[in-house]
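Have a look at these structures, which come just after this line.
Each of the next two complexes has chain A plus one other chain: chain B in the first, chain C in the second.
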Partner chain A sequence: MAFASLARRGAANLLPAVMIGLCAFVVFGPLTNLFLWAFAEKWFFPARYPTEFGFDFWHRVFRPRAGAWTSLFNSVWIALATVALSMALAVPAGYALARLKLPARAAIMLIFLLPQAFPSLPIFVNIAQMFYGLGLNGTYTGVVLVHSLPGLVYAVWIATAAFSAVDRTMEEAARNLGAAPLRTFRDITLPQAFPGLVAASIFVFLDSIDEFTGTFFVGTPDITTLPILMFNASMGGNYQIAAITALILLIPSIGFMLVIERFLKADVLSRIGR
Partner chain B sequence: MGVEALELQGLSIRLGGAQILHDVSLSVPAGSFTCLLGPSGCGKTTLLRSIAGFAPPASGDIRLGARSIAGLPPEKRGTAMVFQSYALWPHMTVAGNLTYPLKLRGIARAEREERAEQMLELLGLPGYGARKVGSLSGGQRQRIALGRALIIDPPILLLDEPLSNLDAAIRRNLRGELRRLQQRLGITTIMVTHDQEEALAMADTIVLMRAGQVVQVASPQDLYARPADLDAGRFLGVDNVVAARPDDPVAAATLGFRSMDARIRDTALEEAKGNALVRHGTVLDCAYTGGGYHLQLESGAEVISAVSGVPVAPGSQVCVAVPTASLMAFGTDQRLLPN
Partner chain C sequence: MTIADPSARDWRGMLPGLMLIAPALLAIALLYVVPLARSVVFAFVDAEGGFTTAHLRTAIELYGRDVIFTVMVALASLALISVTSIAIAGYLTLGATPWAVTALRWLYRWPLFIPFIVAGQTARSFLARNGLMNSLLIDSGLMDPALAQSLLDWRGLVLTFAWKQVPFVTLLLAGAMASVDRSTIEAARNMGAGRLRCLIEIVLPQVRGTLLVGLILSLVTIMSVLSVPMMVIAGNPTMMTSMMAHRVTYYGDYAVANALGLFSYLITAVAAYVYLRMTLTQHNEGGR
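And then the complex of A and B:
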């Protein structure tokens, strides 16, 4: 009797444990493989694990001529420029949308999502074709523009949520006590929406750091970002270099995840759909 | 800036196709305390917001002292408003909230801080300057919001249901405090409220509003004793309305009175007619209300509420008498008849 109930309890505990284990495997399996590859000196077919570990490929990646540094700087600069452009558009747009009445606001927000709804490949192919005509292919401007397309969606959505969270009467109180509209925006609205805007910037930054398809169509071969470098390396069968590049890509991502955690409050997130 | 009078001339306001205010004219003497009283949705808050510049008038004029302010943006009007939600800025400290209006006026830092400290003193919250707004209680927030409005030394103070978010006990305290502060500063004040008791206790003049129109402008005593019509009376606690009879002391279509003025008499001891309204009825219900008993009695087709010092068993026959002075006579158009 006691054994049967123990077995049942054991089974009840086992199932979640197995599920968690499976999830962990799905999430962390590829990451572990990535780590192994990053430090594998020799890893040939029948061997289950690398036969030799070392930092040899790290030296190769960071050799001046390998292009890793250039790609890293390209990626970061492009991401920062994308953030600047997206936020410059998203702050006024988000504020205007946040102050709109609901039906109109929902419609406009939905329209902003449309580019995300279409498959990205045809969109980028067409953008590349348009950019050829404008001479933007292979330029930083072109890549920043193409990164801003998905970036704007995040930026506008989150900025709208952040501005909606600012109580209208607080602006009215400032106006009432003598602040002109712009001054009110600067002193009252912006500081309160700031955490949300930081979150929006982070999303745009991460999206841009990770962006591949658009960069591939618009930027290459003149502009190489980290994802492009990684793609070239893995297509050439050079898994070590691909893995090391991927690890470098993790640095800004993890850094910004930590910032999000600090800045983004649940009440800002919860207003995104409203 | 000094204290100034406010004058509304034929003010009409539309919001989203709906007419919120119809041709409102009102004059508020300098230094007076005026309450805009009415049920929710009567337009009283819109009227206050239009004075502050947040509801553009469709027609009419708003004059503060000698100048017209109807066309000015809110920041140029100099009207100081206390919002129902207080609208304190959470990203600033208490002192930051108080000094911001002064900063906007280009006053030097040292003077700003000194004036904030004086204001905190006046509000009975000395030393609270460095606190976060979030750490204050409701009553403290209310005072800071008031202080933030008063610190600019405004010609007029606008209060939008300033006490409605507070507990009953704090509300009563602050009511007196606010009134004393207003009298001490002698500032022209307009307060919006839906609480008739609050309006009666605080105001010099009450403006009774209904459906976007001013129904009556009167002192608390006049308004209480002589509401302009039946609806106004009901809003001011006239809970009994009976059809008048020929032998009643006052000639009217209907007579109104408050249940606290309707005393139960023994049926045997009938009051001499002529100086009181008298009705006979059957007690439906008798509830203890602390100081006495509240009765509902059926008199013909009418139900009358009355008070009694002693309990009365339901079903017993009683007589209720209301002194003539407590009666309000309304005509067939439901308007109060002149005496």
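And then the complex of A and C:
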């Protein structure tokens, strides 16, 4: 009897086990592939797997003149500048949208939604043409500006949600006790909205680190970021270098996945888009 | 002067808000509205500044196949995305094996956080004829080596787009399904309905709106991503994004690229129209 029930339980678990195995293959198969390529010293047809493993290509990528360090620094600086610019514009805008009287508030929210609602490639193409006339193509300013378009959209939406989640009664109490509006904002509103604003900054940072299309049209060939380096390596058939660059790009994304829930709390999340 | 005009007072009350939001609005105007207007206008303007439909005709003539290819790839991707997301979200909501639900919840999100450019690179080497997928299938005895073929064509695009977008749509769907009234599901289960039937007949109709929103956002993404088609597909036909970039980088021909862009707006607009019609009929039915 015990055996029969065990067999039945085994059968009931078999189907889910096969399904989970399949999902794991689909999700992690391509990523394993990336790891193999990053550490493969030799992997030539008809060998199905790398014949030699090692760190040779890592040395090659991080050699002083190989360009990986330059692209890494480019990517990080551009991302930090994009965060600074987007947040400088989005914090006041988010506060106004959440708290102050505005004409046609719904229409303004819609304007900040539009860039996500239509294909962005023609936009980048035309930005590149405009920047060409202004001499901004191939400059850091140009790349930061083009990264700020998607950045600003995320930042405004999350900042608006973060400010509308702040408890109004505490602000009113501070005002009643005689605090000036600016001091109320600094001591009461800002600390409460801070985690949401950090989440917005992380979003903008990651979006800029991963951005390819805008950099492709505005930055190349003068400015190489990590995605551009990876793309060039891949198109040139340097799969090891492409895989190593891809792994470097994964670090901030996966790290973000692990910490995001700490910063983006449910009460903010539920207010996005209102 | 003591009796202020009420409308003027309203405007003065709005002044601080307007001043705070003006810089962000100006940035969106310069970085989005102006390029958007340019992309539409310059699709119809010839070298002398007059009106022309020549760019549109050139675009259809040269890239008509690519436009059709794009629409087919987008539809196939959306079909795969909907089926997979419904299955995963449905299992997360109604699944009977607790450990499998937990494992699936942990598993499915990963691709969401992986950049498109990395997904493109990994697809390029994973799905190739000598790629790791075929190697693993051959070694596990599931596939005859002679049958190994490259998936780096429309199938590779569909698989890569679905791989990236399924977690996103599943996340939305699972959230919506979690707020569906459990008692109706329990009632149906008590009356002997299977889990699959519960999913299709009770849960799915209630989350249809969320599914459509997820699919439209995925469509916009598919129509915008440049790196994946450039890395997965070599040669013709390919996605319109790839052809627009080709037109600009090799010929400096912004006019035809803009005409192609117009088609991509049009495809998204059709999807948005379908969505609005579907939600409106839903509202009307609800009103009756």
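A few remarks follow.
Here, the second predicted complex is superposed on the first by the 245 of 274 C-alpha atoms of A that agree within 3 Å, B and C clash if a C-alpha of one lies under 4 Å from a C-alpha of the other, contacts with A are read in each partner's own complex, and residues count from 1 in each chain.
The rule we apply is simple: contacts are C-beta pairs under 8 Å (C-beta built on N, C-alpha and C of every residue); 3 or more make two chains touch, one makes a residue touch a chain.
Note that the structure is predicted; figures quoted are calculated from it, not measured.
In the superposed model, A:Ala17 lies in contact with chain C only, and not with chain B. Looking at the superposition, the partner that touches the larger set of chain A residues, chain B or chain C, turns out to be C.
In the superposition on chain A, A:Ala173 contacts chain B only, with no contact to chain C. Of the two partner chains, neither chain B nor chain C is touched by A:Arg63. Residue contacts after overlaying the shared chain place A:Ser120 against chain C, while chain B stays out of touching range. Contacts of A:Arg186 after superposition: neither chain B nor chain C is touched. For the contact definition in use here, the chain B contact set and the chain C contact set of chain A share no residue.
Across the complex, chain A is touched by residues 10-11, 13-14, 16-18, 20-21, 23-25, 27-28, 31-36, 38-39, 42, 88, 91, 95, 97, 99-100, 103-104, 107-126, 130-133, 135-136, 138-139, 163, 217, 220, 223-227, 230-231, 241, 244-245, 248, 254, 257-258, 260-262, 264-265, 268, 272 of chain C. Contact residues of chain B toward chain A in the complex are 52-54, 73-75, 77-81, 83, 85, 87-91, 100-101, 104-105, 148-149, 152.
Residues 167, 169-170, 172-181, 183, 187-188, 191-192 of chain A are the ones touching chain B in the complex. Considering their complex, residues 12-13, 16-17, 19-20, 23-24, 26-34, 36-37, 45-46, 48-49, 88-90, 92-93, 95-97, 100-103, 108, 111-112, 114-130, 145-146, 148-149, 152, 156, 209-210, 212-213, 216-217, 227, 230-231, 234-235, 239, 242-243, 246, 249-250, 253-254, 256-257 of chain A touch chain C.
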